[in-house]
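Here come two complexes built around chain A, the first alongside chain B, the second alongside chain C.
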Partner chain A sequence: MPTFKLDGKEIPFETGDTIIRAASRQGIEIPHYCWHEGLSVAGNCRMCLVEVKSDRPMMLPILKFDENKKQFLPDSKIKLVPACHTPAAEGMEVFLDKENVRKTQEMVQEMLLLNHPVDCPICDQAGECKLQDYWELHGSKYKRKRTEPVHKPKAVRFGTTIVYDAERCILCTRCVRFCEEVVGDHVLDKRERGNKSEIVLSPGRYLDNKYTLNLAQICPVGALTSVDFRFKSRAWLLRSAVSICAGCATGCSSYIDYDPRTYEVYRIRARKNMGVNKFWMCDDGFMSYKLIQKYRVKNGVIRAAEQKAVSPGDALQAAAKALSEIEGKRIAVVLSAQHASEDNAVLAQFAREVLGTEKYYLAAYGGWKGDKILRHSDNNPNRAGAIRVAGRGLAPTNELLKAAEDGTISAVVTLGPAGEEKLDQLDPLQKLSAVVSLSSNIGAFTEVASVVIPVAHYAEMDGTFVNAMKMEQRFSRALPPPDRVKPAWQTIIDLARAMGKELECGSLEDIRKRMPSAQAVEAEGSNN
Partner chain B sequence: MADFPKLLTSRYELNESWLLSTVEKHGAYEVARKALTTMKPEEIAAEVKEANIRGRGGAGFPAGVKWGFIPKGNTKPVYLAVNGDEGEPGTFKDRTIMERDPHRLIEGCVITLFAIGGHIAYIYVRCELVKAIRRLEDAIEEARQKGFIGDRPFGKDHKIEIYVQPGAGAYICGEESSLLNSLEGNRGEPRLRPPFPAVEGAFRCPTIVNNVETISSISEIVRMGGKAWSDLSRLPRDGGVRIYGVSGHVKNPGIYEAPVGISMRELVYDLGGGMLYENRPLKAVIPGGSSTPVLRADDVVNAPGENDPLHAWQGKSHLDVPMGADTYRALGTMLGTCCATVMDNSVNMVEVARNLIHFYAHESCGQCTPCREGSAWMRDILDNLCRGKGRKEDVRLLVEIANNIMGNTICAFGDGMSMPMLGLVQKFYDEFLEAAKNGVPGSPLGDSAKELMLGSGA
Partner chain C sequence: MAITTKRVNKPEMDLSELSYVPEIVRGLGLTMSRFIKNTFLPIEKGEIATIGYPENRLTYKERFRGVHRLTHRADGSPRCVVCLCCSTVCPAQCIKIEAGEYEPDDPRFGYERYPKSFVIDELRCIFCGFCVEACPCDAIRMDSGLHMPASTLREHFIFDKESLMAIPGPDGSYQTGNTRHEPGDPTHPGIDRKLGH
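On to the complex of A and B.
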């Protein structure tokens, strides 16, 4: 691999790499605002200027004050090049650690702050703001401009999701480029000239595409902020847990940002994963964190003549009792495309070993409008995983309803909040003598169930999703589940135990060992 | 007054010189006919290269060399973009060509397109030059009806179309890459280079961008031959004649055609008729548009070294150095557009700086940080200095800002604004210190500030 030198350190690069990209791959950050790995090069912030050694450097005329003569005398300096636009070349010598480069970085930093309202105490970006970081690193100068800063529009609603503050904006145009290049929506542009410039919406438009919340994430300063996150928390109070978005079958990599004092989740951010989502996520994915806290089932429910809220343990006992009274072969199980593979694997094992039933179904949402960017038309994160661990074909839920109607089943155990059907379509289930629903959130199943057992949300457990590309993606527990609530796989083991059977899978490792490996399924896929 | 032969401006004084019927009697399109019917494109390009014509737009890049930058084996269409966005303060030469002899420009376009293998030329004209736009459009129509442009110009199977594109009033669109952006209908912002326009310009195709005067010279170059054209000049590697402009405190402001390499003294005192007021001697000259650093009338050349490009003029006034791209660079300034702004001793140089920086702060496109923020910062500092609210350290700060804008921007606008600032501070440091102490009494801002202070009883 060819290399170049950055401050004497060898940096390998691939053909076509710019200096900044090659350095960033080695974990060296050349200061920058406008450059973003996933976007085209704009080269407008001028923060990444570096010196490249040359035999015939281009010299620029400047002035230097001569203290003896008490006058300015001509001087010269080497012309710097933008690291974001200069291709790396074999044997090139690049310098960041030079007086000329440092001075330039300090001046660019100082200039960016000339008209910037230093309203960090009320700015959502504070704590994760490049202006703050680089102010510490480059110059730490107090403002030397003595005139009134330029005033521009503040708190401009760009749409339902994003608010724009033109005074905070450093005009790096990341947002403009993102909308054009990633979304293909020419909704943002710049207006005016000079330091009156600002980002504006196209006439007659507002930010209404499906990817707007990425703007809050890629904005290096506090100019574009999320309406949802605005004024809710401070960045330094939050911890990030590595996770996978459960919004659709793409399975974007994400961070779940929560407050470790209260375990309240404040937002989801996209996590870089070049194999899946690159740097981005869709708005529905960003907002899916709401389901971690909202519409949750936290207590057990028993519905007989009247509805009763009980502890999760009592609900479990009631379910075990109800299921024990029914012949195992007449009990159906409904796996969930919304739940982790581990949950589904244990439920399938429960069906095999405890119930001995042949009636397997899969509850999956009915899909949404996909696109060619990230959104998959299947809005279930783990359809492929559920099918894989079941080790057999799964019938859709409308056949479950038919079976309930026909009377071929007497009871059902469902995983997940709902399937494709709406609540009023689930009337046939009322005929069954028991409907046991294991769910983290309120859904159609929990509304018709005779017993509801709360289980952990995916953010509250370690698990695996298999996305539409058949990639097996592990996610880890970000938050503790509510009091006395366990992940579904543990709850099912408990349920079996309450029914007098011990499932041979004590731990997550055991379950995972039994699950068919990704390679096996991929081999199956290639046979088709 | 020196009497130089007229080539580019020979038809200016004719009655209705913008009509084809007038100029045809005086040789218009003769060269184009000759070039298209008897010459090969390479021959024309070779003549232009031999003519050593430096671009007349300000940067002084050899035009013939630029034409050679079109990639070999190029299969995309090639465009010619003629830069008529003349907006540099103090410059008004291209406008006269477009208004008074538009057919010379169109003839130049036809020859150039043939030479570079292009079929479409865009003449990008500053929108304020309404008369120029109309006359160009009328002239193009006349030429089309005569069959000089169109599908078979002069019977040659080489389709040629010329379009006039008015700008939208931005100085930055005179910068070649933002001109192309503007031409394409995008926001007029300079592009990152490389790729250079000759490789990837308008509509991502190779594009030659030349100044109006450069293209207008092409017909004369082809008529007399590159060598003869080059010999018209008084300087080596900088050929031909050019249109000089002079404005400010001179008796006869206006445009004058003269060989390349006349001295500033000739321009001001011979062509320009000398200083306007007998009792107010020359103080300084901005040689070629506002971006070129100022020359002091009382500076003398100090080049004792034998190899110094200015050694021949050792001990002489800066005004006596011939105006050429290389000689002026050695002087620490630039030739620019050769439209000099003459200032007598009544002019305060801090006020000059303030006036210029207001223009630059207003016209900065706002793309890169140093130029966007630095221009307005310098404007505020100079406003304060003129108002009498300045401090001594403001002068040093001004230099620090300009030093750090220099070379750190995408296009040459940043350099074009810092160079004159640095030049003014270097050469008139005393005046800046004086302004920091007492403000500038003659400045519009200075006066109003004084009134305000008196009004408040200060």
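On to the complex of A and C.
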């Protein structure tokens, strides 16, 4: 691989790489605002200027202030090149840590902050703002400008999801390029010139595509912020857990940002994973954090006792009692495409070893439209995983209803909140003598179940999703589950124990060893 | 190391000490002299360190960190802009603030936000004063000169926005010496939105 030198360090690069891309691949950040790994090069922020060694450097005539003579005298300086736009070449020598480069960065930084309102105390970006970071790094100087800054529109709603603040904007046009190149929806553009310049919507349009919340994430400053996250918390109060979006079968890598003091989830951010979602996520994925703590099942329910909320342990005992009274072969098991592979693996094992049944079904959500960018037409994160761990074909839930109608089954154990069917379609299940539902959220199954046992949400456990590309992706626990609630796999082991059988899997490691699996794809972490 | 012992003899007592009586009289004399001094002399001349609280009260030092107060702007709204710096720095985690946004026709819309609720749990507070130091807007102060009044009810120690704003400073004013330049004021460093752009 050819290399070039950056501050004396050898940096390997591939053909076609620019200096900044090759450096960022090696983990060296050249200061930048407008450049983004996933977007085209604009080269308008001038923050990434570096010096390239040359035998015949291009000199720029400048006026330099002479301290002794107290006046500006003609001088010259080496012309710098933008690292985002300059292709790397074999044997090139690039300087970043040099007096003239640093001085230029300081001047660019000062220029960008000339008309900036510096309202960090009320800005949602504070704490993860590049202006703050680079001010610490390259400037840390007081503002010299004493005249009135240019005023531009504040808090403009660009749609239902994004607020724009033109005064904070540094006009890097990342948002314009994102809409055009990734979404293919030319809804944003830049108008006017110089310090009057601002980002505007196309006439008659709003930001109404499915990927708008990416803008809040890629905006290097606080110009584009999320309406949902607006004024809710501060970036430094949040902690991130590595997770996978459970919105659809694409399985975008994500971070769950929560407040570690209250364990309240504030937002989901996209995580870089070049194999799956690159840097982006869809709005439904960003907003799916709301379901983590809404419509939760926190107590057990025994329907015979008039929907009385009981402790999860009591519900478990009631379920074990009800299932023990029925012949195992007449009990159907419904795996869930919404739950982790580990949960499904233990439920399948429970069906094999405790019940000995042959009736396997798969509950999966439906009724969602995909697109060609990220949104998969299947809105279940783990359909492939559930089928893989079951090791057999799984019948859809409408066949479960037929079987209940025919009377070939007399009880059912379901995992997950619901299948494709609506609540009024599940009437045949009411005829069964026992419907045991293991669920984290309220859904159609929990409404018809005779016993509901609460289990942990995917954000409350370590687990695996297998996406539509058959990639196994691990996610980690962000929050503790509610009081006395355990992950589904643990609950099923407890259920088997209450029925007098011991499942031979005690830990997550045991389950994972038994799971038929391909190479697990560990998503690379990055904050970009 | 081996344990060593050291012999200590009992102090010898003379006859007057052994008979107790003179010693008791001496002790009672000291007690009575103190009693008379503290009961009949004015407090300043007495040698007693305690005072008859709550009838008598000491004036606290100027920099005493008392109960928090939220300072006002000229129009009576809180100066706080909900940057959450105080609740971030608070080691006792006793401050909980919720932000609200001004209406679009308000001159502060887009430039500032206000606290919808501002709750301090004074039982959890350790009165370190970090919140006052962290505040970039001089919105929270501990110069009220009050210590926490006693109560048997926990709710009395949970101060909300209204009660925090109802506590005056040492000079009786609800504002601070630092003048504010509101957006829209002629003194504000340049907000003239009529110019537009």
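Simple rule for what comes next: the second predicted complex is superposed on the first by the 512 of 528 C-alpha atoms of A that agree within 3 Å, B and C clash if a C-alpha of one lies under 4 Å from a C-alpha of the other, contacts with A are read in each partner's own complex, and residues count from 1 in each chain.
To be clear about the criterion, a contact is a pair of C-beta atoms (placed from the backbone, for glycine too) under 8 Å apart; a residue touches a chain by one contact, two chains touch by 3 or more.
What you are looking at is a predicted structure, and each value in this text was computed from that prediction instead of being measured.
In the superposition on chain A, A:P121 makes contact with chain C only, while chain B stays out of contact range. Once chain A of one complex is fitted onto chain A of the other, the partner contacts of A:M471 are absent, as it touches neither chain B nor chain C.
Of the two partner chains placed around the shared chain by superposition, chain B is the only one that A:G43 touches, whereas chain C remains out of contact. Of the two partner chains placed by the overlay, neither chain B nor chain C lies in contact with A:A235. Legend: residue contacts after superposition of the two complexes on their common chain; A:A395 is shown touching neither chain B nor chain C.
Set against each other, chain B and chain C differ in how many residues of chain A they touch, and the higher count belongs to B. Legend: residue contacts after superposition of the two complexes on their common chain; A:V150 is shown touching both chain B and chain C.
Once chain A of one complex is fitted onto chain A of the other, the partner contacts of A:A498 are absent, as it touches neither chain B nor chain C.
Look at A:V108: by the touch rule set out above, it reaches chain B but stays clear of chain C.
Within the superposed three-chain model, A:P74 lies in touch with chain B and out of touch with chain C [touch as defined at top]. Common to the chain B-facing and chain C-facing surfaces of chain A are residues 147, 150, 196. Residues 117, 119-122, 126, 147-152, 154-155, 165, 196, 230-234, 236-237, 261 of chain A touch chain C in their complex. Those residues of chain A lying in contact with chain B across their complex are 41-47, 49, 58, 60-63, 65, 71-74, 77, 79-80, 82, 85, 103-104, 107-108, 111-112, 114-115, 144-147, 150, 170-171, 189-190, 192-197.
Residues of chain B touching chain A in their complex: 170, 172, 187, 192, 332, 361-370, 372-377, 380, 383-384, 396-397, 399-404, 406-410, 415, 419, 422, 425-426, 429. Per the touch definition, chain C reaches chain A in the complex via residues 81-85, 88, 93, 99-101, 104, 109-113, 136-137, 189-193, 195-197.
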